[in-house]
Amino acid sequence: MPQIFHRRTDGLVRILLASGGLAIVALAVVAYFIDRSPYLTGQGAVPEQPVPFSHQHHVAGLGIDCRYCHTGVEKSPFAGLPDTHTCMSCHSQLWTNAQMLAPVRDSLERDIPLRWIRVHKLADFVYFNHRVHVTNGIGCESCHGRVDRMPLMRQAAPLTMQWCLDCHRNPGPSLRPPGQITAMGIEPASEARAATSGHTLLKQYAIHTNRLTECITCHR
Amino acid sequence: MAENPQENLLPADLTHASMTERIAGLVLAPRSRGRWLLAFLVSAVLALLFVLCLVIVFATGVGLFGINIPVAWGFPIVNTIWWIGIAHAGTLISAVLLLTRQPWRAPVARLAEAMAMFAIVCAGFYAIVHLGRPQLMHFLLPYPNTMGLWPQWRSPLVWDFFAISTYFVFTLGFLYFSLLPDFATLRDRARSRWQQIFYGVLALGWRNSALHWARYEQANGVLAAVAAPIVVSVTGIISLDLAVSLVPGFHFPIFPPYFVAGALFSGFATVALLAVVTRSFYGLQDLITRRHLDYLGRMMLLFGLIVNYSYSQEIFTAWYSGDIYMRAVYLDRWTGPYAPAWWAMIFCNVVLLQFLWFRRVRRSPWALFALAITSNVGMWLERYQILFTSTHADFIPANWRTPLPTVWDGLLALASLGLFAFFLLAFVRLAPVVSMHDMRSAIHRREEQRKEQQQEQQKKQREDGE
Amino acid sequence: MTVGESGHHGLIARFDSGDKLLAATRRLRAAGHHRLDAHAPFPVPGLAEVLEYREYGIPRIALLAATITAGIAFLMQWYSAVIDYPIVVGGKPLNSWPAFLPVTFKVGIFNAVMATAITMLVKNRLPRFHHPLFDEKEFSESSTDGFFLVVHSDEPGAAEELLQRCGARSVRELQP
Amino acid sequence: MKPDRLLLGGIALLALAAAATLLVGQLAASTWLAAVLVWGSLPLGALPILMVHGLTGGRWGEQGRPLLLAVLATLPLLVAALLPLLLGLPALFAWTLPAEELSHLVRNKLAYLNPTFFILRTLAYCALWLWLAYLLSARRARGEGMHAGGLVLWLLAVTFFSFDWFMSLEPEFYSDVYGLMLGANMVAAAFAWILLLGAREMEAAARRDIANIWLGVLLSWVLFAYSQYIVVWSANLPDEILWYIHRSAGVWRPVSVVSFGLFFLLPFLILLSGHAKGRPGWLMLAAASCLLGHVLQIGWLLLPAFDHDGLWQLLLLCLLTALSGALFFALYRRRHRDQGRAAREVRYG
């Protein structure tokens, strides 16, 4: 019976086996990080809008309140994107000839709404209600980030279910007093302070944390 | 029972060399290629059809099947259970007969293991299809995901996933284990370079060392010992998919043992079927004897009778429960739109089964072949009627429907048979259909027995002489 | 296989039956030859014991793997259902241990199988594709009806003589 | 067979005792039933073992046969203790109440659960078992057909016996795996009995085979018991789950755990070790544990159906089991000795 395999085969096989094992581990690690990467979550994405609207300019520079444009945020599940007339309430007077604003004027003229691209988009099977969050102490900043520092609107949070749950499991530290909902740049409370002020706010808003992680809270 | 079972189960003139020569020859230098090639081509076409159907079903969705609320499950789960059942006897024959040292195991064990392997492949495909959204199959695994979620451990679907994947790995391992020394035998006898490399790689450098064998036997013993719990738990768990629900017709505590018995019944029927075909195809009548068929027939009878017992218990309990819904399900099974399936099942699994009480029927290859087919049909009908009759008329009469299978149901089912045949035909071309090392051990044991008998006779003669 | 001090690579003797191989192995061991390996087409009963096979490890390793991993599986289910995401489903308690048993059982079995298979291969030093024995022309008969005894000895002459006396059909020196 | 004075005396005594307990009331009658079924399980479990051996043959069965036949000889005691209870069904069975006092579910089953049919059925089971026992012990049964058919009949009889005498104590409850579960329980107990009393005398290989088969039976029992539990537990239907609620209240909760541990878990762990399986001492320990667990198991299955203080029921059960066991054991010993003498006579002529 001849020797079928060369003397070196065994070493080669061991290297292959070891690297195969390593490859599986590496694959798992890579998959773990890809799953959380902006590539899949869309965090940090800046979609191109019909008009390059600058939140930084309007919010930080001019001090316009969020609710001026997003009118539904306290009353409906959907915060609402501003219609052309909202823009025109100022821009019929200011920068009336700016090239940048041509689509707005065009929209008014032809009576076709501007097609804003949604930046923070949740899956269809998620029932998200802006009113419930805003009227119960969750600030805009908690999910949308420092809008006042965004020349162009960018997805601030990963919007994964884990991210939602992080807050739903322990909403205390994220709560704000009713007056500070739309305020920007509120420092996250320190752990110790969050424990106390969060607790009083939980009582004040009558939030029952035991129901917040049930499936039906978000999937109906 | 004959006094010396070994004697009749092995041809008297069989030696290590002649047996190895014959079995290895079937693989290394096959003679009857024409019929094999024809069968292989037909099955390859069907296997391609299976892949095609699978792609279309995955791309379009399970709406192609004849399922809709209230019958949400239909064919895919029927066929999953059916294929898993067929796989079971393979495992059981090989493992339990090994543990209990049954002398008739050796020639049929390999067929049984291979059958188990390919049946579980078919079952696995169907299990994935029946999920409805196969692309999300990984949700069944507990892994750190961005949803912060875990699988729902109280759900039988998750149990299924663990059960079927464990069973798959076990079957693969057990088959490969049993093949390992045989691959070495083929490697040693191969003449062409390609065959040497092919079997050389598969044999992993096995050298028939006594220490190799000792560890091999120990490991095989462990695998065989876990086989029975695996067999029982896999089908048991699958049956819990149905039984833990509140649906009358599904909700029976007897389901786990009943499904296990049903699985073994159809599985032994399939082993018998393959044994009859293989022995006539390869001319192995002297290795797979009529006594082997007799044993297979007995096993069919045993598990068939347990299935019959379960039918009786179900019917009695449905009535005894006093629950009008349970009783209604049974009336519907007997007289409703699916009644033909129920009565056909009773005909196949209860009426025809009783023929197996007769020794002549068990020992006749073609009678056994026919009964094996009717038993498999009967077991398929059993799963079909359980799935459809229990759900098609639910608690709200406005929901009642009578869904029938669509052409996709039929095509995929037919093609899955082709896929099974395709794998099996490829297997018998590449690997020995009879386990050569088990046969060598069996021959050795027979020689030992002969020697003992001779010694005893000599002793007797001496004593008589004195 | 190691090379003997005298530059001798070992002897390979062929026997006609398992019984003869067994007897020869016994005699060589009794004569003080301890570096032996026997090759037979099937597990000859008793042969491994003569070669001082004293391992009962595989069942124990399998059992250990099964118990530990089954324990981990149960703890994982308990942790995820009771601690990490407690949620009431179907009115069942958070610690629904009856429902955790199937997965626990399956994970245990799965790992018993894996541990068994891997232990068998590792202890047998498989895969090993290249081996000096494969250079022996007759060695391929070890998978049909050849029974071989491989001896590494510091006194090859004595060993060869003993092998001949045990009824070896042929005794040859192994190739380097 | 010569009329056996011990057997006849025992039958008379048991019949008297059964009749007497009926007069005392439900507590005594139900505990008496449980105690008798603890011992009665052994001959009922021995029947199928003998028949399976008749089918498959093997050294293990020949080794166990004398012990099993001696156990089988106590079957008339079970029949004698059961039959007087037929006179007082109302003390035990709730379905004997007038129909208008029953729930509609139970009213739906009165075609089956009525005294006349019940008595006829019980007589039929007893007749069948005695007939099978007679055939087996008289060594007339040599054909495979008798053994196979006998097994089928045994299983059906045990199933409906378990429905009648166990399940119908709580007439709302139904479970179609109950018969298999109880059957496996009986066979496991019978195996434990022959191992406890015979492990020392058996050949090592046969003893190991018996231990392996016993392990298989115990595992089957666990499968059946778990099937019923997980299905009932998951569905949580009121008709079914009440059965478990009764059995996990008060003293029955620890009893359920302890009886599971003794009946299954400890023997299982012992049998898992190949080393222990070869030692008579370990096997006898496992068997003793299994039999103790069997006593608790039968009590656990039967007694929570009655609304009494569990602790008293348990104490009474132990007392009555010991009392009836003395009679059972005396008969067993006598039979076993006769068997041994007969065997020696055959061997040495």
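Here are some notes:
Here the chain labels run A, B, C and D in written order, and each chain numbers its own residues starting at 1.
Please note the rule applied: a residue touches a chain if its C-beta (ideal position, glycine included) is under 8 Å from a C-beta of that chain, and two chains touch if they have at least 3 such contacts.
Keep in mind that what you see is a predicted model, and the values were worked out from it rather than measured.
The two chains most heavily joined by C-beta contacts are B-C. One inter-chain figure worth recording: chain B and chain C are separated by 29 Å, centre to centre, where each centre is the mean of the chain's CA atoms. Our note on geometry: chain A versus chain B, Cα centroid distance of 52 Å, whole angstroms. Centre-to-centre, using mean CA coordinates, chain C is 45 Å away from chain D.
Distance from the chain A centre to the chain D centre is 67 Å, each centre being the mean of its Cα atoms.
Multi-chain contact residues of chain D, defined as those touching 2 or more other chains: 226, 230, 234.
Residue positions of chain A touching 2 or more other chains: 1-2, 4-5, 10.
Residues of chain C in contact with two or more other chains: 59, 85, 90, 92, 99, 127-130, 139-140. Looking at which chains touch one another, you get A-B, A-C, B-C, B-D, C-D. Interface residues of chain C facing chain A in the complex, by the touch rule stated above, are 85, 87, 127-130, 134-140. Across the interface of their complex, chain C is touched by residues 15-17, 20-21, 142, 148-150, 152-154, 156, 158-159, 162-163, 165-166, 169-170, 173, 177, 181, 184-185, 188-189, 200-201, 204-219, 221-223, 226, 229-230, 233, 237, 240, 436-437, 440-441, 444 of chain B. The touching residues of chain D, when paired with chain C in their complex, are 226, 229-230, 233-234, 236, 272, 274. In the complex of the two chains, the chain A residues touching chain B come out as 1-2, 4-5, 10, 32, 35-36, 41, 158, 160-163, 165-166. Those residues of chain D whose C-beta lies close enough to touch chain B in the complex are 57, 104-109, 112, 145, 148, 152, 155-156, 159, 163, 172, 174-180, 212, 216, 219-220, 223-224, 226-228, 230-232, 234-235, 237, 239.
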